[in-house]
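Both complexes shown next keep chain A, but they swap its partner, so chain B is in the first and chain C is in the second.
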Partner chain A sequence: MTTPIIGQVINLLASLLLLIAFAMLSQRRILSLINLFALQGLVLSVSTAVVAYSSSQHHLYYSAALTLILKVLILPSILHRLIRKLNVKWDVETLLNIPITMLLGIVLVIFAFNLAAPISQMASTITKGTLGIAMASVLLSFLMMITRSKAVPQVIGFLAMENGLFFAATSATYGMPMVVELGIALDVLVGMFILGIFFFHIRETFDSLDLQHMEKLKED
Partner chain B sequence: MNLSAILYQLLQDTLVVLAAPLLLGWVNQCRAWLQNRSGAGVLQPYRVLVKLFRKDAVLAHNASYLFRFAPYLRFACMWLAAALVPVLATDLPLSPAVDVIALVGIFALARVFISLAAMDVGTAFGSLGARREMLVGFLAEPALLMVFFTASTISQSTSLITIVETLAHKQFLLYPSLAFAAVAFVMVLLAENARIPVDNPSTHLELTMIHEAMILEYSARHLALIEWGGALKLLAYFSIGIALFIPWGIAEGGDWGGLPLAVAALLAKLAACGFGLALLETISAKLRLFRVPEFMGTAFLLAVLGMLTHFLLGS
Partner chain C sequence: MQSVLPIDLVSIAILCWLALGFLGLALQRKPQLITAFVFPAGAAVALLLAAAALGALSGPDSVAVLPLGLPDLPFHLRLDPLSAFFLLLLGAVSLGISFYSAGYFRTMEGGTLGLLCLEYHVFLASMALVFLADDAYLFMVAWETMALSSYFLVTTDHKVPEIRRAGFLYLLVAHVGAIAILMCFGVMQGGHGDYSFATMRHAHLTPFWASATFLLALFGFGAKAGVLPLHIWLPEAHPAAPSPVSALMSGVMLKTAIYGILRVSFDLLGVQLWWWGTVALALGLATALFGVMFAAVQADMKRLLAYSSIENIGIILAGIGLTITFHTFGKDAIAALSLTATLYHALNHAFMKGLLFLGTGSVFHATGERSLGKLGGLIHRMPIVSILVLVGTLAIAGLPPLNGFVSEWLLLQAFLLSPGLPHPYLNMLIPVAAAALILAAALAAYVMVKFYGVIFLGQPREEKLHEAHDAGLWERLGLTWLALGCVLLGLFPVFVILHIDFVTQGLIGQRLGTSAARTGWLLLTPIHPERASYGPLILFLIIITGVVFTLFAVKKLFHVRLRRGPAWDCGFPEQTSRMQDSADGFGQPIRQIFEIFFGIVREVPSPFDKHPHYHGETRDRLWDVLYLPIARAAEKISVLIGKLQHGRIHLYLMYSFLTLLALLALLAFIR
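And then the complex of A and B:
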């Protein structure tokens, strides 16, 4: 394959990531949210592998494989088990209605693209154009965490944000050193377990996973 | 301007008007297969048209000339739109007229008149359908325009001919922005052709119908023209989609040698798109009417994202 085609494939995958970030933002069901998260991990893994192939950076293959195992297989299956045990298949409640969230999302995308433009001009990597998309998907996941009131979608937003950061690292500097990446992967996994335990405690204390109940703690 | 090019244009225009019901029949047949029914065959729309043309028209007492005139106008608009879009060849006598903004205008003209005609008789259903149609239309139009602008930024022209030539006959490139635009275009196509997530073409349930409510008062040849116009509209949208996103195989203007290949490519693409539409309709559930603005807002958003990614990623 020639280099221009590879660059275009990377751009296409990056746009797909952005599309999935918006789909997550507009999603009302927890189950579809988890599936979208798995899909995002898959796209991320493929794009990392393509970057690894084009830049012959072998350590990127390992991070692609790590992403595939952790974010496509393990984390979604943990999340599936969690929502089955917690019995939370209800529709996601949003604090803002979805069209307004989407419009805010567009504003964030424009902001991220403008912010990334001067940085990506200095980068010399093949993926420099996609830095804006990576920042946009970080901000969009952040927006998702802010606009959801239930615990599980917020955690998914957090994990999606980590995906965006990982993509930003790949597109700006061909990924972080292997030690850092392994550390982050372990952190995410452990964080997921701890948050899973938290879910049960929150539900036992408040009879609900709605985090708005926790605001009452101050007044007691 | 030579005779050969004019002949080519006439051939294309006759082909679209005759083949439009066939496309509708194919989509319905695919839907029937996917839903485990045997279906009425791909020729059923022709039979319906013949039956309707043979009947006597019934008009309400208070129907004005607008009511009688609207089906002809809608049919003419849809035929014009379907005939303008380059389906077989690019450089034809009518080519200078094929501007995407003009195409949106033609669709809007037909929509305004059919809605006015629906309100003309003064029945509750007619005005209900007209209002809903205008609601969907005013949300779908900006999304459609943004899709066109995304495609125009690549070829630096709003002429559909130039867009097709840039995409079909230049070096092959992957455009991420066009992927966004394609998704948005499919959503607009579903809404504008009264297809399932937005409207159901085969229902007469008063709470949900949009398009069918508008044409409830029509009968015989007027209804036939409206149905035929609907088939032409579907074909026009399919051809626009093919021209924007999968234009390969189209012949250069006046090139008779490329005709068999162009016709074969067109038929294959239309059949594939028709099957895709039937599949989409089968796997999705109809939206509540108040969710439709959200659906169309998403289409608009995707088209805007397409433009933004075009400016970010360049190419």
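And then the complex of A and C:
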């Protein structure tokens, strides 16, 4: 493959990533949300592999494989098991209605692109155009965490944010050092386990996973 | 074959200590094995460490890089004379304390003992690592390990609320200090981003930043050493801890702070300014006077010793200040004298205070009392402990021919040589400082008379004291070792100085030994034989002859009229032990003279009270003036910040989201 085509492929994958982020923002069903998250992981993994091929940075192959295993296979299966055990497959209500959330998302994307434009001009990597997209998907995931009232979608938002950060790292500097990446991967996995345990405790205490109940915990 | 370097031996000793700690944890179910085997083995390791350090003192510097730590950030070790001197101090003193612990903890319950054994040995190993560290990273790791392990040791009896409170106070001050030390290293690396001490030695700091580093180091290490006004944790934590732990903390851990100040100001900082010395000198003397004054009015034997530690740290800090002053004015010969005196005093204090704290441990074990008002007359019940503690008491009171006298005398010689300074104000002020030092030393003697007299002399103040028993074999062994150290350090100062010389040579490029040993090892002549000289062994022989002769004369001439009666009878027809001078009574003159410094709370009963009750308490005024306002301000701010708490996770997320957006926008705007 020649360089321009690779650049096109990367841009295509990046836009897919953004599209998935929007899809997650608008998705009401938890099951589909998990599938979207797995899809996002897959896109991320493929794009990392393509970047690795084009820049011949070998450690990026490892991180692509890591992403594939962790974010496409392990985490979604844990999430699936969790929602089966917690029996929360139904629709989730959002705090803001979906159209307004989408509009806010568009504003965030414009903001992120504006912010990334000068940095992209300075960067010399093949992926320099995608930094704005990476930042936008971080912000969109954050927005998703804010607008969901249930615990499981919030955790998915948190994981999606990590995806965005990872993509930002590959697009700006060809990835982080392997040690840092391994550390983050481990953190995400451990965090997932801890949050899974929290889910059960929250449900036990409040008979629901609705986080609005947690206001009761405030000390007076 | 490659020969074994001292640094390898020291590393092995550290590893052995760690291994012994975990062995103690594993042996929880067999507490008698821990006391009979693990602690004595720890003492053997201490001996190995001391021997290796003694060897390294005269040898060349050796370095090692440990493949531990973070990737690309390995631990650097370095053994130079300064490290070796403090490692020697650690090994020699912990040898005695470990022996003592083997006996002291034998009645302790297994689970607690296992944990205590682990923390004790981790504490020892971390102190050794502090002395050995050659980069800020390892230094801070070891420093924090030391603080945490000693915190857990202090709170061994964590079921008592006061002890938990004391432990918390200690942890708080330790961490405030650690932050200052961290910032000090941060300034010192000078933007290189490399935190090894080797780079710091070559970093060129402007006088402003060098001063900032020095003040941060003084604050941070001062918090650990108990320098005014950061001393408040000391009188709380030392009584709370078990006695061997107090001995270790007071004897060795406070010296890690002294080591830190010396390391930063003489080794790592390339420049020195003369006013640093003046600041350290003034602070040290204020600390010394404050500590000894408060020691005089304490009614708890371990609090008394804790305040006495503050006093001694003050003297050591004053010595450092004097050294910096002389060194910056180019008077390196006198600087070497005062640095030698300072290091000598640090070593002496480790031995004497270790001995005294262990002695209070034996008293506490035998009687279950820490309050001076309920002790007395123990010399009849615990003769061996009494004699050994007497050695420590005389040493810390600064009486010849013991070790406390030598270092204080040397320091005074340095003070009296100050007229050579090319600075008129300093010329006038330093003799005043010398007077303050003498006042502190004299008051220290007063304090020690009180300490020894009230506990061991006179008559027992409580009925149960008649059942007191002397210490066991291990305890006696530990006490004897430390007492022996006090005597030998006092009798052979020239040998000690010849060893300290390697340190002063490294730090200020001048040695004292050539002039000190000019007239042979019998006579100590710090500067010149005509000026001052001191022959401890001769003095000792004179004292011994005098005592023997007097005893003989008394036996020969008065043996007929010798009559045994109750002690301190004073001619009263009927005497009870309640009529003796009490600890409060003994401290009363000092309390009268220095009343403005104390916050005294007293409840005196009326003459007609059927059930009279007296309560007297001496409070630290600094606590009300300095610490309570800080605590109140912190509480107010916390309440304000607490208003942010709604309990709604979405709002919390929104806070961070908006902050992120604002920061990003700011970034875009600035550009």
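Brief remarks follow.
One rule holds for everything that comes next: the second predicted complex is superposed on the first by the 218 of 220 C-alpha atoms of A that agree within 3 Å, B and C clash if a C-alpha of one lies under 4 Å from a C-alpha of the other, contacts with A are read in each partner's own complex, and residues count from 1 in each chain.
Just so it is clear, a contact is a pair of C-beta atoms (placed from the backbone, for glycine too) under 8 Å apart; a residue touches a chain by one contact, two chains touch by 3 or more.
Small disclaimer: the values here were computed from a predicted structure and weren't measured.
Upon superposition of the two complexes on chain A, no clash is found between chain B and chain C, which fit side by side. Of the two partner chains placed by superposition, only chain C is touched by A:I146; chain B is not. With both structures placed on the common chain, the touch criterion links A:S77 to neither chain B nor chain C.
After overlaying the two complexes on the shared chain, residue contacts for A:S15 are found with chain B alone; chain C is out of touch. In the superposed model, A:Q154 lies in contact with chain C only, and not with chain B.
In the superposed model, A:F111 lies in contact with chain C only, and not with chain B. When the two structures are aligned on the shared chain, A:T173 is found in touch with neither chain B nor chain C.
Touch criterion not met for A:S32: it reaches neither chain B nor chain C. Of all Cα pairs linking chain B with chain C in the superposition, the shortest spans 16 Å. Those residues of chain A that touch chain C in the shared complex are 95, 111, 114-115, 118, 139, 142-143, 145-147, 149, 154, 179, 211-212, 214-219. Residues 71, 642, 645-650, 653-654, 657, 660-661, 664-665, 667-668, 671 of chain C touch chain A in their complex. Against chain B, the residues of chain A that register as touching in their complex are 5, 8-9, 11-12, 14-16, 18-19, 22, 26, 98-99, 102-103, 105-106, 109-110, 113, 116-117, 129-130, 132-133. Those residues of chain B that touch chain A in the complex are listed here as 173-174, 176-177, 179-180, 183, 293-294, 297-298, 301-302, 304-305, 308-309, 311-315.
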